[in-house]
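Both of the next two complexes hold chain A, though its partner changes from chain B to chain C.
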Partner chain A sequence: MLRAVGRRLARAGAVVFGAATLAFAALQLLPGDPVAVMLGPATSASPQVREQIRVDFGFDEPVPVRYLHYLGDLVTGDLGRSYQLQQPVTTLIEEQLWPTVQLVAASVTLAVVIAVVSAVVTAGRRSALRAVVTLAELVALSTPQFWLGIVLLTVFSFRLNLFPVAGAQDLTALVLPAVTLALPVAGVLAQVLREGIETALEQPFVVAARARGRSRIGVRLRHAVRHAAAPLLTLTGWVTGSLLGGAVLVETVFGRPGLGSLLLQAVSSRDMPVVLGVVLLTATVVAVVFILVDLVQLALDPRLRTAAAL
Partner chain B sequence: MRFPRPGRPVARPLRLAVAATLAAGLLLTACGSDDDPAPGAAGTGTGTAEKPVAGGSVTYAIDTEPTCFDIHVSPQDITAAIQRNVFDSLVAEDESGKFHPWLASSWETSPDLKSYTFKLRQDVTFTDGTRFDAAAVKANFDHIKAPTTKSRYAASLLGSYTGTDVVDEFTARVNFAQPFAPFLQAASTAYLGFYSPKTLTADADKLCGGGPVAVGTGPFTFTSYTKGQSIVLTKNPAYSWAPATAKHTGAAYLDTLTIRILKENSTRIGSLTSGQIDVAGAVPPANVAAVEANGRLQVLRRDAAGSPYSLYLNTTLAPFTDERVRVAFQRGLNIDQDVKTVYFGQYKRSWSPLTAVTPSYDKSLENSWPYDPAKANQLLDEAGWTGRDADGYRTRDGRRLTVAWPIIPATVREQRDVLGQAFQEDLKKIGIELTRPSLDAGTYLKEAYAGKYAVLDFSWARFEPDVLRLFFHSASALAGGGQNAAFVKDPEVDTWTTTGAGTFDEKVRDDVYGRTQQRVVKIGAVVPVYTPSSILAAGKHVHGIAFDTNAWPLFYDAWRDRK
Partner chain C sequence: MNGPVNGPLLVVDGLDVTFQVGGERVHAVRDVSFTLDRGECLAIVGESGSGKSVTARTLIGLTGGRSTVRARRLSFDGTDLTTLTEARWRAVRGRHIGLVLQDALVSLDPLRTVGAEVAEPLRVHRLAARDEVAGRVRDTLADVGVPDPARRARQYPHQLSGGLRQRALIASAVAAGPRLLLADEPTTALDVTVQAQVLDLLRRLRQEGLALLLISHDLAVVAGIADRIAVMYGGLIVEGGPAAQVLRDPRHPYTQALLAAVPTLRTRRSRLAVPVPRQPGAGPGGCPYAARCLLADERCRTELPPPAEADPGHSVLCWHPAPTPDQSDQSGPAGPSDQFGPAGPAGSAGPAGSAGAAGAAGAAVLTVAKPPPLAHVPTGSLPTANVPTAGARGEVLLDVDGLSKRFRGPGGAWQHAVDDVSFQLRAGETLGVVGESGSGKTTVARIVLGLLTPDAGTVRFAGAPWNGDGVLERDRRPHRRRIQAVQQDPLSSFDPRYTVERIVGEAVAGTHRRGGRRARRDRVAVLLDQVGLGANLLGRRPRDLSGGQRQRVAIARALAPEPALLVCDEPVSALDVSIQAQILDLLADLQRDLGVAMLFISHDLAVIHQVGDRLLVMRDGRVVESGELGRVFAQPAHPYTRELLAAVPRPAGSTTRAMAR
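What follows is the complex of A and B.
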């Protein structure tokens, strides 16, 4: 098992390094003079100030030198200083990390719970309930989050005053954004899981289990879900990663701080150190989440425990 | 504060068929709204008939988050608007353009306008206990001008600053290399506000991040900043040096002012109608009527000063090298109707490269160049663009009459892209093709600033006609930090705008700035479009919000009903 973890960690390291390098390269390819972009169109910076910025941020150095500096700083845990916000990137990310972790954790948990309940209850049944639930899932997964967020806000905050409109001050403020993010995700996860369960329910082992006297629901929970869990886990891992920096629409609607807003602001003002920092963090988290997903799958499914996988 | 009854939800186009059932439910409940049909408060400024009471807090939601809170560095309006509550200036300017004492109790100007001597108030202290004196003035101005500060705006407000002499403890003489009449106006802005000298020594590199390091002399202190969420300002109880432009003296009425960052319009307005916040900034024109119809809310507004939202026509790029084509472009735009339609009648159309509230505004330009497609067609015929191609656009020597106006989609605001579409339709009618290439910020700055596009658009808020020099003086090149987006090279315009910057004589200023406004419109270098307006909505329990000359809300005089 230790060896399995070690190998996966090494692979994750390579992924993070690749992401760091690709992000750096992509930012170099953006057109325009970085100083001019930083300053933006409405500015009255003098040529001296422009020169000072060029020197301060090392824009006067050749790209390979800057790349080596960048890698060197990364190794020592220094993500540099934001051009626009003029603060250390690590401080900025630390500030935004907690609200994001709260939101992502809450919405992924909620989505998985909804998906499992709805899939287990309705899989393999030709009932009206199944039709209604499936339709609801389809609507949920095709509803734009932006719109869903505004509808939830209008109903539950503006009219019913049940939840504060926005912010990250306490847990009540987390409910609406978490639901907004969770519903479409739950729709996708439920469909995948139901399909998996239905395939599993047709397998001979189900008949065998039923013959041993297991109840219908018992078979579903003990056997079918286990079989269907692999794609669900992979998808959940992927969703977690994408929500980290990708919850920006929901953050905007609900006026929440978070990594998504930080990233958006950084990309549009070409704040390279911040972009690189957030990309690197996301890459690291995704790599770690996938290691966990992998290990959980190994634990769930003995068939996967081959020499190659370990 | 919570209102007893739920507010009227803000109407927003509900676009999705999938959601039809949900939407129908919402609309039904909306019909049950029971607001009084009382009209909103008229004019600017909240009602002050009652006697102000001190205490309580107000939550004010804004739509833009400052990237940098350092007034000496950032060029952002929102930074100055927030920090105006925390930082004071040497002088204060009233709506008529007259200057009043503030941190300076009096001042003298040398006859050549190259040096200004300020006698400072002797009772002013920063909120860290440091005394405000001539050395503090010098430390701040020197700090702004130092290249290491990397100032993007404040340094340009100091013009050809050469240094400050500390004449005695409370007398400071500020010197310039060139005559510099706009200095008093510059000195009245928050950008030239004063940090505690201690702050400048110890925390200069932390000022962009806002928060308690930003120590000033203002009516509020900067208590905290949570990025992406809120800014909290707390009353400075020792404050007793308000300018004459304020309505009261002594400490501010409000104990705390919480500024929430709510970027999404419907969230901001919904929070206001449901009573979760007290004041909402940047009310979209589409929502103004609904707010006015709400009996518990009032609308406050003030037009921006400076240069209106305008199109600048590149006088050095064909086909705009021909003045007739530029004027045809100008007269072929149905600005009245387009601005009215896109902004629901909330923004005024502009006639001059200065807005109407700006000093030296030339009123005679109003209605002097109305929509006139017949004249535009005639001018284009005279210029030789007589052919027509298959798409109906004019041609000359087989080439289509086409002009490009680049757009950076990420930075579009105030529905200026929609306005642009209306302009494209207008121009198609007279046979001009207007294209909108989408550019990223980098390409835009590189190519547009090098003069490769025919049309550029800008607005520039400043209560000072010297913006004309910024936009039309031949030395004010885009690439060098200037704003001459029409690439105007007119020796007379250069002389007029330089003369204006070198005198306090109102007659002379009105004359030279009037000539400049007339000239740049006449030669078709600029198409003034509309005057941006600062539109706030507030609960009627909030009183005394005023606007400064830059149309930023001031909370020093603000107070709220106590319940």
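What follows is the complex of A and C.
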């Protein structure tokens, strides 16, 4: 098991290294003076200041040397400084990380709970309930998030006054953003999970389990859901992307602080060190998520635990 | 349940099961009645679709939502099963009535440990405290003959061998100590020797007082264990009675056909399947077997015969039941000699004769293997045993020399799948390769097909290098059409969206490049006709074909490029005995007509005996014995060959062992 984790960590390290290198290369390929890039479009700095920046940030050195410096900084956890905000990028990210983690964690939990309940209850039945639930899922997964967010805001905050309109001061402020972010994901997960459960319910082991006295719902929870989880896990990449991309929209619509807002602001003001920092963080998160998914898959399905996989 | 009650444990009287399929009602089980006592074994035998499995499912309340079950009486140990609610059914399932299905690889949840599955009935019915469960699981596993039960309980189904897996499945069905066990094809997916062991286990459980309802398509399998046999066809029990009587004096034409279909060590090169006449099927009120019955007349097609007693306790549902044995001896001119004459010295008549003790039992088998009414079947075109030996003098087609192939095992260590295997196959000849799963026979097939490169050794085909020793795929491809394959499961080797015409047409296109669509279509029709299928199937898709039809399409596809060699890997293992008989007959016919050579791989010696000229016995990647088929069967030199021979199930079990000695 330790070896399995170690091998996957090494692979994830390679992915992050690749992402860092690509990001560095992209930055070198940007047209124009790197100092102008650092300063952003709106600044009018004197030539002396520009020269100072050039020396401070090492832009006077050859590219390979800068690359090695850059890698060295990354290894020590230094993502550089935002000249525009006059703060280290790590500090900026640290400040904004927690609200986003809260939002994403709440959304994932909500999406999984909704999906499991709706799939387990309706799988393999021909009932009106199933038709209604399936339709609701289709609507949820095809609704644009910003629109959904605005509708929820209008109804629950402005009209009913149940939740705060903006901010991240307490848990009530988390409800509407989390629902907005979760619903489309829940719609997709429920459909995939239902399909998986229905496939599993046709397997002979289901008859065998029922012949031992398991109830219908017991077979679903004890046997079928585990089988249905495998196709679900393959969607993790999509879910991660959807959540991170969605976070940018949702945080903007609900006026929440967070990585999404930070990224949006950095992109619009061309604050390249911040953009780079967020991109690298995202790459690391994705790599770690894939390690976890891989390990969960091994834990779920013993047939995958071959010599090559471990 | 209500404790001991006088009378039989299980009473089924007038059981009717219908299914709603689309807008149609399908009558799956019709007026089925039987009883079962404690410690007794009743076998229900019939082909797929006969209603035998549905009958078993009815007794555990798992026929599904679209079924309607009606019965005059359906009682288990005094409890009326027809009025049970779902909640009360759950209390019966696993606790009082257990169910064992075919193929433990998919009947045990592959994601759960064996122990968790065996523990399931204990947990569901709360029969053991949390800390006792593990001990009970170990005891149950040990009881069904699983060695090292503590370790096995922690393993997953795919980590166990087929035999152990099936034992574990049985353990999960009997863990809660039911009084009735429903076993639906419990040995069908197993190797012959493992099948014998599992049957032994069931026999032992029965002796310990468990009532057993055994469902099988194979009369030979149930012969050694059943007290009584009920033969089902089209939802009806067409014949039922004490096992010995049904096997010795089958009265219904269908029972006779089923018995004749069992490839035994005596039926070599004779026809197994009863020819199916082209005649109209039965009307709604008629006998369902009328469409296939050689004796059917107008009355059979319109009116269902009343149940009649042939002997006390032996009932038959037929307008033309076979006469009693005494009469048949006089009226059966085509008796034993007709059956055994063609086998000749190369056949198995020799060993049967040498086993003097088996004489009496053998005589019984004779009557069984070719019952009197069938002896009148026109046999003009039947192949005889001596035909194929002519082919054995053909030139060497396939020359396999010193083949070895290693794979990495589950533990990461290299294991020999094939170890120094050499053999020759002559044009027009059939070489049977027999062995159990893991013996390396499929690896040999894949190397011969050029799908796998051997680590050492060479394969020469028609005098030219074919595989191994640096032969390139580029050089092999132009000749690939000359070696074709027939696999065990055609369903997974067909594109499910293709029609039969396209499946076979694709293979035709490779060789008949010239000629238009029409010529190709004609060629497909000819091929289908060759394998006994009508042109009306051209538009069907694989899912809409029966198992036998699918295998025929697979054979037609293999024949399309006019190959010199057919590699058949377990081509009949997934089929019912009666369908298996038809396919074996077909392969024998095709070989005689087309002169194609066959490498025929099977785990079943009796099947190979039916079609083979020479035999190769494989074990753990090595050839342990080889030679002319008749010689190997008469004087098996290797103990393993003798073991395999002894495990072949027979309608009259005692003779096998006698012959094997």
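The rule is short, and it goes like this: the second predicted complex is superposed on the first by the 290 of 310 C-alpha atoms of A that agree within 3 Å, B and C clash if a C-alpha of one lies under 4 Å from a C-alpha of the other, contacts with A are read in each partner's own complex, and residues count from 1 in each chain.
Just so we're on the same page, a contact is a pair of C-beta atoms (placed from the backbone, for glycine too) under 8 Å apart; a residue touches a chain by one contact, two chains touch by 3 or more.
The shown structure was predicted, so the numbers you read here are calculated from the model rather than taken from an experiment.
Asker: Determine, for the superposed arrangement built on chain A, whether chain B and chain C clash or fit.
Answerer: Because the two structures are overlaid on the shared chain, the partners are seen to fit without clashing.
Asker: Is A:Thr143 in contact with chain B, with chain C, with both, or with neither (first, second, both, neither)?
Answerer: first
Asker: Tell me the contact category for A:Gln87 with respect to chain B and chain C: first, second, both or neither.
Answerer: It touches chain B, and chain C stays clear.
Asker: With both complexes overlaid on chain A, does A:Asp301 touch chain B (first), chain C (second), both or neither?
Answerer: After superposition on chain A, A:Asp301 lies in contact with chain C alone.
Asker: Determine, under the contact definition given at the top, whether A:Gln48 touches first (chain B), second (chain C), both, or neither.
Answerer: In the superposed model, A:Gln48 contacts chain B only, not chain C.
Asker: For A:Ala208 in the superposed arrangement: first (chain B), second (chain C), both or neither?
Answerer: After superposing on A, A:Ala208 lies in contact with chain C but is clear of chain B.
Asker: Output check: A:Pro257 vs chain B and chain C. Expected answer is one of first, second, both, neither. What do you get?
Answerer: Only chain B; A:Pro257 stays clear of chain C.
Asker: Determine, under the contact definition given at the top, whether A:Arg226 touches first (chain B), second (chain C), both, or neither.
Answerer: So A:Arg226 only meets chain C here.
Asker: In the three-chain superposition, say which chain, chain B or chain C, touches more residues of chain A.
Answerer: Greater contact footprint in residues on chain A: B.
Asker: Across all Cα pairs of chain B and chain C, what is the smallest distance in the superposition, given in whole Å?
Answerer: Here the least C-alpha separation of chain B and chain C stands at 34 Å.
Asker: Where on chain A do the contacts with chain B and the contacts with chain C coincide?
Answerer: In chain A, no position sits in both the chain B and chain C interfaces.
Asker: Going by the contact rule set out above, which residues of chain A touch chain C in the complex?
Answerer: 203-205, 207-215, 218, 223, 226-227, 300-303, 306-307
Asker: Using the touch rule from the top, collect the residues of chain A that touch chain B in their complex.
Answerer: 30-34, 36-37, 39-53, 56, 84-87, 92, 95-96, 99, 139, 142-144, 147, 150-151, 153-155, 157-161, 164-169, 251-258, 261-262, 265, 268-270
Asker: What residues on chain C touch chain A, complex-wise?
Answerer: Spelled out, the residues of chain C in touch with chain A are 60, 62, 90-95, 98-99, 101-103, 106-112, 117, 120-121, 124-125, 156, 158-159, 169, 172-173, 176, 408, 410-412.
Asker: Residue numbers of chain B touching chain A in their complex, please.
Answerer: Residues of chain B touching chain A: 2, 6-7, 9, 12, 15-16, 18-19, 22, 26, 29, 65, 67-68, 70, 73, 75, 147-148, 150-153, 155-156, 205-206, 208-209, 226-230, 260-264, 266-267, 270-271, 273-274, 276-277, 410-411, 440-446, 449, 458, 460, 470, 480-483.
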